[in-house]
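Both of the next two complexes hold chain A, though its partner changes from chain B to chain C.
Moving on, here comes the complex of A and B:
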């Protein structure tokens, strides 16, 4: 899953070196538009919808992985 | 003052007249479009739009909701616009709720504005539902963007069907409604200079005058795209109503997640937006060039093109246009407001063939005060003042008078008196006009932090929240520069800990404790308002005689 997230973030923002602890705002200095673009790429890849209000709770890469696990979203 | 070309535009004083006017003039022309998740375009003509609005008006009258305060709580959608127009055309007040706020703030906004009913989208139904009680003011919810109601509350689609039946009968109620140009049409929330938001009352004439005035200056061509939230006046007046009043075609998007996708699909001529999005498009162009291994070539071309233009030769590189077309298609005009956009990006975007028109507005002025025109433009300025606006500078502060200036703050005479004087609205912004009439902004009198997405934050709001942490004696919230652009701001907190409580703690323990508490506060705030940096002070803040922190000393 981490590798997939790394790929998506690279495709959307051109940023690399992502780990579980990477914080989207503090470490990658992404703005709300970048974060939404990443989430859009996630939604397309997993064919799912993540409500915008829930996106703001996902600060680090590990939060995204945990969110996917809780919602039962797996790789297609 | 410089003379320049003005566009032709119709003026209306009330929403019923506006609806009749656009239906009669533009009929079957496409009015509004959006894309489904499957990327299919849903398009509504002017005739369909006005037919839906009139049907909903009928239903609102039948429910005794005409003339009442009715809220809109939801993401941008076709139905949001239909509901807004129906509320205002039945003499009601559309209470526009900022949906990025935490759940409790949304409920508080509904209560403060004395809302009798609300149109809500599915996401916000659980937030609004607890307010429906026997003795409460809010007594009716209606669902937007879903075909059917949930059993308890009807959907807007169902209400339109009921309204259409009533219209067909002999007991049409809509025609009995009388609407006055000076009655309140909308209540919009704005960040005031205190921790409480202000409720701005805008009349029918305020909004419609501003809508048409904006069009005198801006030629945004046939296909317009916007992702601005409609609950702000900039989105509703300038993007939605400004497009409809001249019979153009608006593509609406309400989700940053699908903005780039929809922009590709829509292929608009122009976009009404904020600096955050202009910069995002700019970054996308660069990212695209980097992926194609053309970044170096792009930098060289920009430099050459810039030099040629400085010599006064209007040469446009076909390669640069080609790069732009690949990323954003035919988009060649961007109206940007809400915050400052850097000169460098404005210049580079012009070389890519995207002409940026910066403007200046404030909610209390419905919102537009000035904007650059296609035919008269100055980089770095926020353009010409609208023809119906008078402007004067008082100690460097911009004061505005005219038909777009608000009626006042809802149920807050004290706050209204502070900002309105003999019809002049004190904007709190500092600036000057040059000899040609171009307005330049130089700063702010108020303590507002302005973000690239055009949103504003009153520091007092966050200070009040952090001030409740027992370990905090004093706190000051301020914006600090982040990233490359001057207006790329993040929120920082300077904290002076309570010396009594902090005595036994190490600096590390203090920071850890504060970080934990601030994380908890951040979880209740929209992303752009979250505190991203904490600075612990060892000395107390310098204070005024009335014990207020001297902000400029920090």
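Moving on, here comes the complex of A and C:
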């Protein structure tokens, strides 16, 4: 799952070197547009809809992985 | 009419990002940045909108994109958005986050004003404190004739900057807007 997230973020932002502890805002310096762009990429890849109010609670990559696990979002 | 000053730090600026807000405010106030650092303490209010604890009359809104950093200051509440015109699926993002009126306008015009629409919307939600998200679909900054001069009673202004970026300032009234380099 980490590798998948790394690939999506790289495709959208060009940023690499992402780990479980990577913070989207502090480490990657992503702005709101980047985050919404990534949401679209995740929604398209996993064929799901992600409410944006839930996204702002996900600060690190590990938060995203846990969120996906809780929501039952898996590879299509 | 409220005037606004935008302090701008380009990517090559040696000022660390964490210090730019206080440095920018000091520049605006004509003070030395190390003088009375507590003056620049911030907290987040309604909707996570930041404010100066000890200077509630000095409103600000900051934005960054592509390594460029800006902050608008004024005596009235303000929202600012700077967005680099980067490669992305404009149609997808428009369908997902924009009002149907905006999506229709952009589709008809080849998404030429996509980033201006985004910057206008984000400057508005930063002014109101509601933040970026699904609720952005509930209001429209564009109609058949293009981007409107205001949204829900708040003015939209696009200061001239760099053609590779969209820059929008949103406030109840907008007088003069000037852009200064930070130090």
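Keep this in mind: the second predicted complex is superposed on the first by the 76 of 76 C-alpha atoms of A that agree within 3 Å, B and C clash if a C-alpha of one lies under 4 Å from a C-alpha of the other, contacts with A are read in each partner's own complex, and residues count from 1 in each chain.
In the analysis below, a residue touches a chain if its C-beta (ideal position, glycine included) is under 8 Å from a C-beta of that chain, and two chains touch if they have at least 3 such contacts.
Keep in mind that what you see is a predicted model, and the values were worked out from it rather than measured.
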item	value
Side-by-side fit of chain B and chain C on chain A, or clash	clash
Which of chain B and chain C A:51 touches, first, second, both or neither	both
More chain A residues in contact - chain B or chain C	B
Touched partner set for A:25, first chain B, second chain C, both or neither	first
First, second, both or neither for A:37, with chain B first and chain C second	both
First, second, both or neither for A:72, with chain B first and chain C second	neither
Residues on chain A lying within both footprints (that of chain B and that of chain C)	29, 31-33, 35-37, 39-40, 43, 51-53, 55-56
Residue ranges of chain B in contact with chain A within the complex	37, 75, 123, 255-261, 276-277, 280, 287, 290, 452-453, 482-483, 488, 490, 523, 526-528, 530, 532
Parts of chain A lying in touch with chain C, wherever the complex brings them together	12, 29, 31-33, 35-37, 39-40, 43-44, 51-53, 55-56
Chain A residues touching chain B - in the complex, by the definition given at the top	13-14, 25-26, 29, 31-37, 39-40, 43, 49, 51-53, 55-57
Touching residues on chain C, where the partner in the complex is chain A	17, 63-65, 83, 88-89, 92-93, 96-97, 118, 122, 131-134
